[in-house]
Each structure stands twice: as C-alpha cells, then as structure tokens.
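What follows is a pair of complexes built around chain A, which joins chain B in one and chain C in the other.
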Partner chain A sequence: MTDARFVDDARLVIEDVSKWFGQKVAVSEISCSIGPGVTGLLGPNGAGKTTLLRLLVGLLHPSEGRVLVEGVEPQRDPTVLGDVGFVSEDESVYGSLSARQFVRFNATLAGVADPDTATTRALETVALTDVADRRVGDFSKGMRQRAKVAAALVHDPSVLILDEPLNGADPVQRAHLIDLFVQLGNQGRTVLVSSHVLHEVERMADRVIAVIDGRLAAVGGVRSLRTLMTDIPQTIRIDSSDARGLAAALVASPYVGGVSIDDGTVHAKASDPAGLARAIPIVARDLGLSITRVEPEDESLESVFGYLIGRR
Partner chain B sequence: MTDRAIIVDRGYRTYDGERRGTGAAVGAIIRDGFRRVLGLRRKARSKLFPWALIGLMVMLAALFVLIQWIAGELTDDLPRYGEYFDTISALPILFMALAAPQLLVPDRTQGVLAVYLSRPLRMGDYLLAKGIALFTLMMALYLTPQLILHLGLAGLAPEGFFTYLGDNADVLWKVPVVAFVYFCLHGSLAVAVASYVPRIGFAAGTYLGIVIIANRLAEFLSEAAFSGARWFAFLAFEQHPRYVRDWVFDLPGQTIMGAAGFEPWAALAAVGAIVAASAVAVWAQYRRLP
Partner chain C sequence: MTAAIAIFANVIRRLLQRRVAVALILATSAHALVILLASPDDVTDAYHGFTLLLYLAFAVPIAALVTATAAFGDERRDNTLPYVVVKPISRLTIALSVTFATFAAILVVALPGLVLSWTIGAVRLDDPGIGWPAVVALAVVAAGYAAIFVPLGLLFERATLVGLAYIFVWESILAFAATTLAASSVWRIGLTAYVALAEDLPEFRDILGQLTPGAGGAAAKAVVLLVLSVALSTWALRRRDLV
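Here is the complex of A and B:
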C-alpha cells in the first residue's frame, strides 16, 4: 500500500469519517487505518481525538463515512466489540465498588467464562493486587486509571483503544503502563493510545496519527514525518573542538540557512540536511577540527507536532 | 544468601478462556442490577432500606396467616389477594422509588455508560437489561407475600390444602396480572424520572412527588364544576392499577376514575399510554447518550 495513511494489516479502518454535533464539526473527513503495534493519537485539546476514539468503539455514529473494527462496523454489529478493550477519558468507574469488583463486573460484562481468574490476572498486570479490595472511589487518579486499564484488559482483547490512559498516573505508574502497552503491541495486538504527553507517546508508539482541528494532520513514524517537512529547516547539533571556526565555515555553505552557538555547541539550521551531512566532515578536515557529536535536534515528536500545529 | 524470592511484575498474561456475547453482557447487567438495588456485597446501610421494605411486605402476609391460625378459622375481615395490594400499596411504591434510580442514575452520573456500550451491547440491550432487572425485582416483591398468603391460607383451610388451591386457582392468573399492571404504571413513571434526574434521592423524591401530587390534583380538579373536569381523573396515576385490580377481582373499590364515570378499561388504557409515553421519553434521553 502506497498511501501512508493506511497499513496493510489494518484492524481499525476510518473511511472518510466526519462527525458533527449540531453546528460544531468535531471530526472532518478523516481517513486512515491502524494495524498491530502501538499507534499514538495526538492532538491538542479539542482536536477531535476523543470523538474519533468514541466512533471506533461504537459510542458515536459517524455523521458521514464509516469506521470498521476487524472489518465490521461496530454500530451495526456490536459483537465485534467483544474483542476490543476501551479506556474512556472520563472517570467511568463506580466509586463504591472495590477495584476487584469493578474489574470483575467488566469481566462478566465481556462474557468471560472464568471472571475470577481473569480479574486476578488483569489486576496483577496493572500492579493493583495489593489494593484490589479497596474502594475505587478512595483511589488516587493514577490508581483509578490503572483500574480502568485492568477493566479494559480483563477479557484479553486483541484491540485496545485507550483515551489518555496515563492521565493522573505518577512517573513510576506511567513507566509501568507504557511498558505494558509496548508489550501488548509487541504481542501483535492493536493498541491505539491518545495522549497529549508527546515524549511518552514517542516512547511507546511506532506510528502516530496527528489530528488538529478535527482534521487529519499527519500519519506515520516520527522521523519520517520530520523528513517530509522539507519547508522547515532541520536543526542539527554539532559538538566540535572549535565551535566558532566550524560555525563560520558552515554559514558560508549552501546547505545551511543559519547557525548559532550555545555553550560551545553549534546549532545549524539545515536547508539541505543531506548536503550538510556530506559537508561537515569536509569542513572539519579542511579546518583541522575534531567533531565529537552530530545529531538532529528537532526530530522529537514534540518538535514535529509543534511544526504541525504551527502550520495551521 | 536467602532462598526467599518474589516476582513482582509478571508482565501481561493472556486469557485463553471462553468469551461470550451480548446475552452474557445482558445477564451481567441484570445480576448487577439485583446486587445494586438489594445492596448485596455492599455496606450494611445499603441493605437496610430495601430489605426493611421486603421484610415488612413478607411479614405482613405471614402475620395475616398467623392471626387466622391463632383464631382457628379463616376470616374475610383480613385482606386477601386483591385487597392485599391495597394493604401494602405504599411499600412497593417506596421500593420502586429506590430501585429505578439505583439502576439508572449512577451509570449516567459516573460516566459508566461508555463502559457498557463499548462492549457487545447496544443501548436497547442495556435498557432492556435494566428493565428486566426492575421487572424481576418488583414482581418478586409483589408476588412473594401473595404466595405466602396463598399457601398459608391453603394450609389453614378446613376443606384441605389442595381443595383450597383448586377452589382458588383463579388467583394464579389474577394476582400476577394485577401485579404486572402495578409494575407497568409505577415502573414506567419511575424509570422515566430516573432517566432525566441526576441524583438518586432527587429522582426518588420526584417520582413520589408526581404520584402524590397528581393524585391530589386529580381528586380536586375532577370534581370541579366546569365542563370536562372529569377528564382530570386520568391524572390519578396511582389509582389506575387499583381500578384495574377492582375490575379483575370484582371488588367494589372507590377510585377517582370510577367516580368520574370512566370504565376500568379506560384506566388500563391510561396505563398503556403512560408506559408508551415513558418509553419514548427514556429513549429520547438515552439515544443521545453517552
């Protein structure tokens, strides 16, 4: 498949989907697909991420277009949701139940034949066993999030749709959940995670889908996306034995739009990154410099996402 | 060195067991409904109100049997079957005021509808499951004391247990039919209110308020001296099942509908209309959720 919006082994397909609420357009003509592995869904607040996820789990009907889960429209045939786990952005827990009761209820709701075993397994997975019999209402936000993740995992789904699952979790819990999502993705499950914490998405997602103002802004791997942004010079960080000499030589080259020096490090705005990569060793040789480090500075998801928003 | 060890994080382990479909989800909601209304697996204070009402209804039936056992004869002075609905009338209404909001309100206010509907369930399945849970609980509440009364009276009957049962076989359809009409009226009103009101206590109070105030309004307005005043008798919601009960059991009851010159079938039709209107109101609310 040549269109980067789509993957060959798609489990979730979004076809020309629009969703509006009265006069407000929440999602506009989005088309893409999601396959096994972890995919990050990015977007500023109000971009339409939650609407998109709710369309995928059948909580909302598309105003136009259609969504397919495992090849089936969930609104037409909700039985397909038996293979889907969903963590909602809302609280969506019964505060009066214990974590065990809540997860077990989800197990029975999902038709798990042995809900007790499945509940124990899911609680262990999110490291809530010790507090399993405490009321969810008394939990911290992060613990409630883990209870919700356990509830979404209890029936062992092959598709997981997670709306801001890391919200409120402390750093240790976040790391644990990220590892878990990566592990689930590596097992061949389809994990779609929305988040506004970009560096965490970067840690877990092989592929990102960026939605801005309800429209699809970008789809793909972070580095591939950055490479595509040819109109925005890439910033390259270069550590050398003579920053001033190197900066003067680079600024004269046709591959660099500008340079700055910060604490002995050269930051070069490359208008042609490939040309700059070829030029750096030549300049170093000619000036007799030693180069200790060359690396792109703005290939992070945060930079890419910032550029995407900035283009709007 | 120590031989003690612990594996803290076992990573994700898959579940290889069976997974069932919509039927299992509906069953889970029904069972959860029973637990929620009856306060099962919850703190003692959650159990207090529902079980006090159940206990009172059952004890009254047992008490009537006991009195007749002590008296050594069956008497027509104590309520039976049709009349028993009157004797206990306030208790099922109170139970309904508790049960319907308990079943519906927390799911909306705690955002849990998304949990249900991201499962193999449609909104219709969800509402059906809630309806079945309420129906089962209320019918059990109406019928259990009647069963105790029936079997108790049969046990005391001078003509013998089975002869009494045979002679009174008609109550086996009359009591459930009347209980069903009571359930339809009160269930539909309470569910409609609980679908819109965001607090359990407020929903219970609103439902009770509607039942009481509408009755008073009907009483007052249907006797007023203007043309068409008698049509206000239809506002006496709470009395519609009672009028149907009088019809089924052939009892000489006094109802606002009867006093206004309406036949019992009009009360039955009014119950049907209230059920239909409530169903439309509930669907209108839930079709736009979550």
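Here is the complex of A and C:
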C-alpha cells in the first residue's frame, strides 16, 4: 500500500523536517512530497503552514531534516528559485512603486530576458492592467494580493508556493484567483496553496495536506478529508416553532447522543451528523413543526483538525 | 549583473525616499551654520574643528547608522526581503549590491552639508581647496560605517541600538581610553586621511595616538572593512533565518 504522504512525480520534498524557534516547536517531523497540480496546505492559524512554506523557499533553515525543491536544497543553491514563484502571507509590498514597477523589479531579479513583456503579461493575468501605473501602496488589500501573485508569476515558474493568497480578496477576486490557480495546476505546474478556509481549498486543490500544531494531521484527496469530517461528532443548533417537542423527539433518535434547550434553541449532540440531518425534516413533518435554522455549532478547522489529530 | 543593478537602485530608492533622509541631510549640514557664524579670526579652526568633531565624528556616524541599518533592517521589518532573497541570485551578489548602495546613499545624505561647509569655508578663507580633506575623509568613514552597520541590520532586530553603542561607547569612550583600540575606530581612520591631507593640525594628530596619518592607508582600511562586511552579510544570508 502506498504512503499517501508521498507522490511519484515530486517537485517539492519535505524530509523529516522540524523547525523550532527557541523553545517553540513550529514544525515537527513532517515528511511529505508535492507534485504537479494544485495541493492545498490546510490548517488553522498558527498550525505551522507559513513556517513550512518559508522552509520550502529557503527563508528559514530546518532545525532537523531537509527540504528539496526540484531535488535541490534552496538554501544551498538559490539558482533553483528561478523556477519558483512565492507569495508571502504578509501584505508587504514596496508601496512607493507602481504595480508595473513592482512586477518588473521581480522580473529583473528572476532573470527574465524581456521583463517588460513579461510584466505586461503577468499584470493581464491578474487583471491589474488598468491600474498598473498606480502605486501599490494605494491599492486595496485584495489588489495588493493580485500584484503579489503577478510578481510570483512573472518569470513563468513551474513551482508556485502561495501563502494565503486569497487573504483580503473580495468574492469576485477570490473566484478569479481560484480559477487562475486551477488553470496553472492544469498546465502541469506544481501549485502549493495554504489556507485556513476548507471550502476554498476544496474548490481548487486535488490533494490536501492538513497540518495542526506543526504536525501532519492528514494527507490525501479532498474527498477523503471530507469523509473524515463527516464522522466527527458535532453539536447542531436547531431553531423551530416547538423546541420542547423537537427535543423530546430527537432524544429518542439513534443519531443523537444528547439534547439541551437554551433560549428556545435545541442543541443536539449528533453521534451521526449525516443521520441526524436526514432525521430532522422527518421529525418536523411528523410533529407538524416548522424548522427555521439548522447549523453546526462548531465546524471550525480547529475542531476538525483537533479531531483528526486525536484519531492519529 | 542586471539583478545587482536592480537591487542597488531599489536600496538607494528606499533609503533616500524616507522622510528621515531629509532630517539627516539637515543634521549633517548643521556644522556649516556654525562655520558661517564663527568670528573672522577663528574661521580656520572652526572649519577643521567642526568638520572633524561635529560633522565627521557625530553627524555622519548617526546618518550612516540610521541609513545603513535600514538597508536590510527595513526589508526584514517590512517583510519585503523575500522579494530579493527568494530569487535565483547568489547571496554574495545581494550582499555586494546592498552594501555599495548603502555606501552611496550615505554619501548622498552627507554630501550636501559638506559642500555647504566647503563653500562657506572657501569664501571666508579665500581657499578653494579647503574641502578636499573632508571629501576623502567622508568617503572613508561612509565606507567604514556602511561596512559595520549594514550587517547589523541583518543580524540584530535592534541594530540601531547596537550601532549607537558602537558610536558612543566604543568610538567615543573605549577608543579614547585604550590606544590599542583606536585602530578599530572608523572615525579615527577617517581622521588619519583628513590630517594627512589638511595643513598642520597638531591637536588632531595628538588624538590619533599610534595611528599614522595617511589617506592611502585609510582608504585601504575602509576597503578591508567593506570586504569583511560583504563576507559577513553573505554568510548571514546563507546561514541564518531571514524572516
């Protein structure tokens, strides 16, 4: 049986990597590899995603283990970074430069033969052509993110490492960037995108690497991660026209481990969330109730990953 | 080479576009005002004294400190360093470009004050050549301070404080107290060039102690400092965490 952490056509390899800052362990004994297509690096804030990405581009040195980009350690041989585009998590840009100057600066440093043409193409790709001569410092957060993506793409890299690239982007910009990343992945590029938002990763990634507390929590397809999540016990809030009647009916249900009522809202601890979701409309119909709201109380990634860590 | 020029230009632009650059230009011009106000009998002493003790010993080091520690320090603080280091550029090229751009930026900040004082001194003393020793000494100290302060910005979060300690503790107190430490003082290295090129300045020769006046030797020491500085920055860029 193959190990889900590793892929055959690996462009990025992480071998037993740990990174600590003083007493704080940011990344602990992570091993995995990433190949062509879009891979999502998923985890709650503070999980170690940014540290892992910074290790991959040589901004940080592993305390133990090693990272390889195209078979080379970037700290030892930075020439390999000519094939890597990187978007950092921070909003940082050279604010006094125009978007065109900013992207062109990156093109020049990357050794692009025709930086002007490459800059124009990259700005077109992220739909910033109309504002290309405005100062990046005057941009909205979402526009700055797009300028950073253009800077990362300007030298046409085959590996893209993107740390929360959708931060600050409005829904339209998000959709555009997600389509762009999917397109880049379909072109055979290796795209590693970090996010703490599961549904965003679902929309673009074929494969997910989940990290929590600096450790690998899960690796695999988005569908398998979803399957894991459906097994997680959840508390469901249900607003209805008769909370007591609903609670009494649900407590007898095999899908519910316990029920409480708070301020007219039923809180049902689901032992089988999918079964409970099917049961609620049936109970409501049988009792003649109207249901106004059904939602999980805590579907945050922290709780999901906490569960995954507990299962390991 | 193109990347080196791009980094050089970017560092110059960043360092000189800051508001503090204007304040530093004004601070390094203050001695010119004192020379302008000196009594007619004291212009020669005022020119050399304030050029050496106010301009080269105080204003230029502070301007160099604020400018040079920002070369890498601001990039680290603003998280823009990845745009430079996550690129297929050797760390030596980055260190060289940043160091020499900083040297040039210090000269740009400090030269207006020097030109102003030279003009005032030349007019009041009818000596058009009076400013040359200061030009050479400025080049030497700008190179020396750039060499010391650029790596500080890469190595320390509080590089300005460390640099202030160097200026006010090492150069101003320890190098005065212990003659063996005098050779490690950038200001004194600049002073050896100034004293060698200016007309008789016995009171400043005394300050030099064991150091021998000479512009060539001072320039050579500045070059050695620059080489060591570039080597240190290259090492730090290769071996240390950069964010």
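By our rule, the second predicted complex is superposed on the first by the 224 of 312 C-alpha atoms of A that agree within 3 Å, B and C clash if a C-alpha of one lies under 4 Å from a C-alpha of the other, contacts with A are read in each partner's own complex, and residues count from 1 in each chain.
By definition in this document, contacts are C-beta pairs under 8 Å (C-beta built on N, C-alpha and C of every residue); 3 or more make two chains touch, one makes a residue touch a chain.
Predicted model, so just to flag it, every value in this text is computed and none were measured.
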Clash or fit, chain B versus chain C on superposed chain A: clash
Which of chain B and chain C A:His61 touches, first, second, both or neither: second
Which superposed partner A:Phe86 touches (first chain B, second chain C, both, neither): both
Per-residue touch tally on chain A - higher for chain B or for chain C: B
Touching partner for A:Val201 - first (chain B), second (chain C), both, neither: neither
Which superposed partner A:Asp114 touches (first chain B, second chain C, both, neither): first
Touching partner for A:Gln183 - first (chain B), second (chain C), both, neither: first
Which of chain B and chain C A:Glu124 touches, first, second, both or neither: first
Partner chain in contact with A:Leu12 - chain B first, chain C second, else both or neither: neither
Stretch of chain B penetrating chain C in the combined three-chain arrangement, among 93-101, 147-155 or 165-173: 93-101
Touching both chain B and chain C, residues of chain A: 54, 57-59, 78-82, 84, 86, 88, 90, 92-94, 96, 105-106, 108-111, 151
Interfacial residue positions of chain A with respect to chain B in the complex: 54, 57-59, 78-82, 84, 86, 88, 90-96, 101, 105-106, 108-114, 117-118, 121, 124-125, 127, 151, 153-156, 161, 176, 180, 183-184, 187
In the complex, chain C residues that touch chain A: 2-3, 6-7, 10, 13-14, 17, 78-91, 238-243
Sites on chain B touched by chain A in the complex: 8-25, 27-29, 31-32, 41-42, 106, 110-112, 114-122, 290
Chain A to chain C touching residues, read off their complex: 54, 57-61, 75, 78-82, 84, 86, 88, 90, 92-94, 96, 105-106, 108-111, 151
